[in-house]
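Same chain, two partners: subunit A is paired with subunit B first, then with subunit C.
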Partner chain A sequence: MEEKRAHNADTGGQCSVLGGFLPFGLGLVLSLLVGWWLSPKLLFSEQSQPVAFNHKIHKEEAGMTCSDCHYFREDGSYSGIPTTKECADCHEFPVGSSAKEREYVNKYVKKGQEPDWKVYQMQPDNVFFSHAAHSLENCGKCHTDWTEKELCSTSGCHPDIGDSEAPPKYSENRITGYSASTMKMWACEYCHAMPDHRAYNANNNACFTCHK
Partner chain B sequence: MSGAQQSFKILWGMAIDLDKCTGCGACMVACQAENNLAPEKDASKKQRVMNWLKVFELSNGKPFPDHDTAYLPRPCQQCGNPACVPVCPATVTKKDEEGGIISQVYPRCFGCRYCMAACPYKARYFNWYDPEWPQGWDKTLSPDVSVRPRGVVEKCTFCHHRWMKAKDKARVAGNDPYDLPEGAYVTSCTEACPNGAIVFGDLNNPKHLVHKLAHSEYAFRLLERLGMDPQVYYLSRREWVRRLGNHHLENEKTGEFTPLGGGHHG
Partner chain C sequence: MGIDRRSIVKFLIGGAVGSMFTPTPWILTDDISIWTQNWPWVPKNIKGVDAYVPTVSKLCPSATAMLVRTVSGRPVRTMGNPEHPLSGGKISPLAATEVQLLYSPSRIKRPLRKASDGGWKEISWTDALALLDEKLGFVKGSATRLAVISGDQTGTVNEVLSGFVASMGSKQFFLMPSEAQTLARAWELMGGAGMPGFETAGSDYVLALGADILESWGASTRTRRAYCEARPHGEVPAATYAYVGPSCTNTAVGADIWVAAKPGSQAAVALGLANLLIKAGATSSAPDFAAFKALAARFEPATVAQLAGVSEANLAMLAEGLQKAKAPVVIPGSEFGQGGSVAAAAAGMALNLLLGAYNQKVGLRAVPEFAPVVEKAMARKDVMANDLAAYMQGLAEDNKARPEILITYEANPVYALPGDVAGTVAKIPFKVAIAQFMDETATMADLVLPSPLGIERYDDVATPAGCGVAIYCLNTPVIDAVNPAANIHGGDVILGLAAKQNANLGFNSFKDVLAAKAKAVGANVADLTAGKAFVSEAVTGAQPSLAAEAIAKSLEAKAPEGAYALAAVNKLGFGTATTAVPPQNLKLVREFELAGTLMYVHLNKATAAKAGVAQGQKVTLKAGDGKAIPALVNISEMVMDGVVMAPCNLGHTAFDEFAKGKGANVARLFTAQVEPGTGLSFWTQTGVAIEKA
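The block that comes next holds the complex of A and B.
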């Protein structure tokens, strides 16, 4: 009996290593897969932009600058994405020979319709974001080494697509309807709550600075 | 009312001339439209309706021929010593921004209504119902003001979004957004008043008319003795109106009282 018990105890010890660690390890890998790979896939839907807009061609071949389309209006508001009418200044008829451009002209310019652009940074209803306040004239007063490109994209506000040939995929949260890359409040706070910034504008972290 | 009162370089304020106010209510309508207040289903339920700006009727209480009436538009007074701010358990409402406008961040509010109980001016309103715009009316919604759901408290913000826009306009034009000329930023009620009874501007800026009016001998503030230090001034040449604005006792002289918390600004 005693021998048998001891034998049992031995094999039991081996089993506990295999039977204990393996399921734990498998479970860990599985839950990491579910958490990091599966649930984002389930939560976010990937969508394409309605128009395959090529920033690079506009910059390099047409010689345009960012502010030709993304400009400030006289009333202080920001134009954002140009309207079909503005695009039609050049694209009333296809300028190049690409099929995508022809499709754009037929689908939107001729019908006078606005493409249903997906905005990567669309903010919630209770946020007031002022582009004019975040211009290079303001931020560049101290950040003298920043370029406009750095200001707009490197700081994490916008995806850096100024030189891209096709717009990146847009992923939307299926529950909230917000874009996955919408700037979160902690990212705003990264600058707004910085103690160094307080000297520049003592109240720039007040609620109403960004909320409405 | 404890704690130091924060001082601001800019102090947005209003001076409302009660002798010019006819009680027409244009300011109330303009406010309602500007700030996305849904049309009331039953406006006769006076404890449920929402008026960020409300016009009250005052009476001197005397019989004809000595009877006199005045109308008093009451927005949020944007107090220097606000009663609503320290009672809020959710940091919804703060007076921490240049300009001295008391903020209200609706998604933080869970509707305890302490602020409503604290406000002596009854300037705060609770959403008893979900706001509903009849079919098609939603096109009148302003994108500058967020809509509030049922269960949160809201109040007049001196059309804060208009200040944001005025600042942006100044920035793009290359001017100092913190030194706006008179009239660059006014509230919608100011704009709507057909008699020019409401004057809006920076109380601290001597170039603004409101600065002068606030120092007029006919100026008074509502319930001034509570020491709330409101940023809304009223003007009336009629003594009974000024007395009523501060609930003077019969034996008290007009304009003579001791504020509870101090808090006068110059």
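The block that comes next holds the complex of A and C.
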């Protein structure tokens, strides 16, 4: 201790303050870097979709709307991603001359196989999610100014990729196996636990409303 | 400035503080909690198009009509078909498991040949059929060297099977024992036309004489539907249900009145009731009414009390109920759906005649048979006259010529027939099992041919036993066969073999047989294919007799030996001989039905005291000829005095981990005897001894 005091006295105390704060600051900065920059890169693996689907070209050149492919069936269930059979209505043979189009037709349409689409918002198996209950038909009763696009995208459930030329990368959590975009319960509760909503459905935040 | 311990501590503290301001620890905690829920057995949702495909259960004896829910073509569950007369939206506990049974570990996935070391060798269909064809060549033209047993009680496949047997020069085609056979034989003795059926819908008084009509007797799902409709919740019931039997079965539980009666005493009770009804003025234009009246007069209430254990007051109460009812129906049957007395069935049907409940909307009805389509098929009457239990007994005693080839079609005689027939079957040189599951009979076979489940194949269901109207339904495959090498219907197997043996049955495929049958029935094929049933409410025939002579002779049957009477109970949830208990249904087995590998038998307090046994005590039930099964005692007042109640369909020695070795097979104790006067074996009267183990 005596030796240390002597040393501090020699440096006049200024270096003592820095020397005292530097390791702490270094640890702080490093952990912030790891926490905000490195850890997300390690935690999630980035994957590409099996088919380079171009939403924009379908919308602008084929004149299609969202609900041409993503529609409610007669029984109220939601179709989600169209099947290869549905895509084959137009893509039985390659449309255009791109190599990717030919690859899609050869790999999936001709073999009748479904691409292993990675669904950005796939919910865990213990959650029951009904698109019908969350459709504009219901939510639009009060939110009269919402469009379907706003309901699907702006409310935070789905990213707006309706105008994208290539599908965004899919981030999979290496621990859980779920997508980085999968909605967490707090996001669901943003609406479900909202007191204003209880006037319309007193039980809409009960456990079994969503969980099986 | 050097790196000392203090610097490191400061660095770590800085890191810890910094990490608190990042999402990492919170996300990791959340992710780990989610990861802990990712177990492989958590069911996965299937995305896709929902469809509900109508079909009728071929596994469940109740012939329940159901809708198979498929998602993108994959079956996920079965549910009752509200539009169908064999369901009305209800489903039986066995039919409810049919989708799961597609993937049962006991399913036979491909043809198998027994190897010399007793193991199984996979062989191709071509080799299997060539082998069978070769063997059949040696028995063609013999009346005794080929025997075929069918476990299908409702299908046109029986015409193919019996036609094949007849074409091969034999008449040894048998159905597994069931209520259909008992009723058919009784109806034949009464001179009735068509098939006897019992309509409960619209009745105001339903008396089940032994028959467990709400559980295992006949088309029980249909009967349950009628029961529900007559008794809407919270309203005054439109019908009184009474059950007469030794234990409080599910029918007794649902009934307004349970009258305890000794096992197999249905004839005595029926004759006692007939006596009271005749005294009260009931009559019949049957030619043998006088003889029947004289016979019934021998069954005074005191006599019935002695024979059946039914008190005089209870007998009078039942008679009064029937007498006052506007639309009564009496349904006789075995307590466990097989091995019933033909005389009891005839006596029960005679009660309906005395009550005027014959060929009316409600009651006993002579339901027309559908015309056969396989020309060489044996007549239904002849098939029903073939007594399988007696045949096996004859083989065991070397009184009958042993067949060279035994073919079983979706039947498990080794497990289900009374007594122990395994030794008898083992002596048959070449055994072929066309089966869906590796049951006891398939395990003993030399050649096993896989059979698709009902929802994987074309098939049909024609008027289940005891059904009050004629019904015909066509099944089309709901899905492709789960096991690609198990997609050939037994009917097609037999048609192919018949063609090779130059015993052509007139059809190239079983699908053609079904098309011809639908046409013969007079049904709209498009409607049938769409899952609708063909229903005919027509009745046939003139006045039947009361079978007085045959019933009188049946009274000469040997009384059961043993200090206690055995009452078996058949619960559909426990499966059948050919399915065993489905894995999904193990949760239906209750605390006092099975404990580990031992099942419970049920006695009331007085019987237990007489036998000197206590709750939970291990005992051995013994019947004649050294037959014995182990069990635990459950003391329950749901069984009458002097009776031991035991469940059916436990104690399998085959199948899988879910069924094998659980409990004991009560059929081992059954003691069959050929009934005097009717000529058909029955085993509802089995006496047992209770020994402490």
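Following the convention adopted for this analysis, the second predicted complex is superposed on the first by the 202 of 212 C-alpha atoms of A that agree within 3 Å, B and C clash if a C-alpha of one lies under 4 Å from a C-alpha of the other, contacts with A are read in each partner's own complex, and residues count from 1 in each chain.
Criterion: a contact is a pair of C-beta atoms (placed from the backbone, for glycine too) under 8 Å apart; a residue touches a chain by one contact, two chains touch by 3 or more.
Please read all numbers here as calculations on a predicted model, not as lab measurements.
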item	value
Superposition on subunit A - do subunit B and subunit C clash or fit	clash
Partner chain(s) touched by A:176 [first = subunit B, second = subunit C, both, neither]	second
Partner contacting more residues of subunit A (subunit B vs subunit C)	C
Partner chain(s) touched by A:209 [first = subunit B, second = subunit C, both, neither]	first
First, second, both or neither for A:77, with subunit B first and subunit C second	both
Touched partner set for A:132, first subunit B, second subunit C, both or neither	first
Of the stretches 4-12, 22-30, 76-84 or 94-102 belonging to subunit B, the one that collides with subunit C	22-30
Subunit B and subunit C footprints on subunit A, overlapping residues	73, 75, 77, 125-126
Residue ranges of subunit B in contact with subunit A within the complex	91, 94, 96-98, 101, 103, 105-107, 144-147, 157, 160-161, 164-173, 177
Complex contacts: residues of subunit A adjacent to subunit B	72-77, 125-126, 128, 130-133, 135, 137-138, 201-203, 206-209, 211-212
Contact footprint of subunit A on subunit C as seen in their complex	1, 6-8, 10-19, 21-24, 27-28, 30-32, 34-35, 37-38, 42-45, 47-50
Residues of subunit A defined as touching subunit C within the complex	15, 19-20, 22-32, 34-36, 39, 43, 73, 75, 77, 79-80, 83, 124-126, 173, 175-178, 184
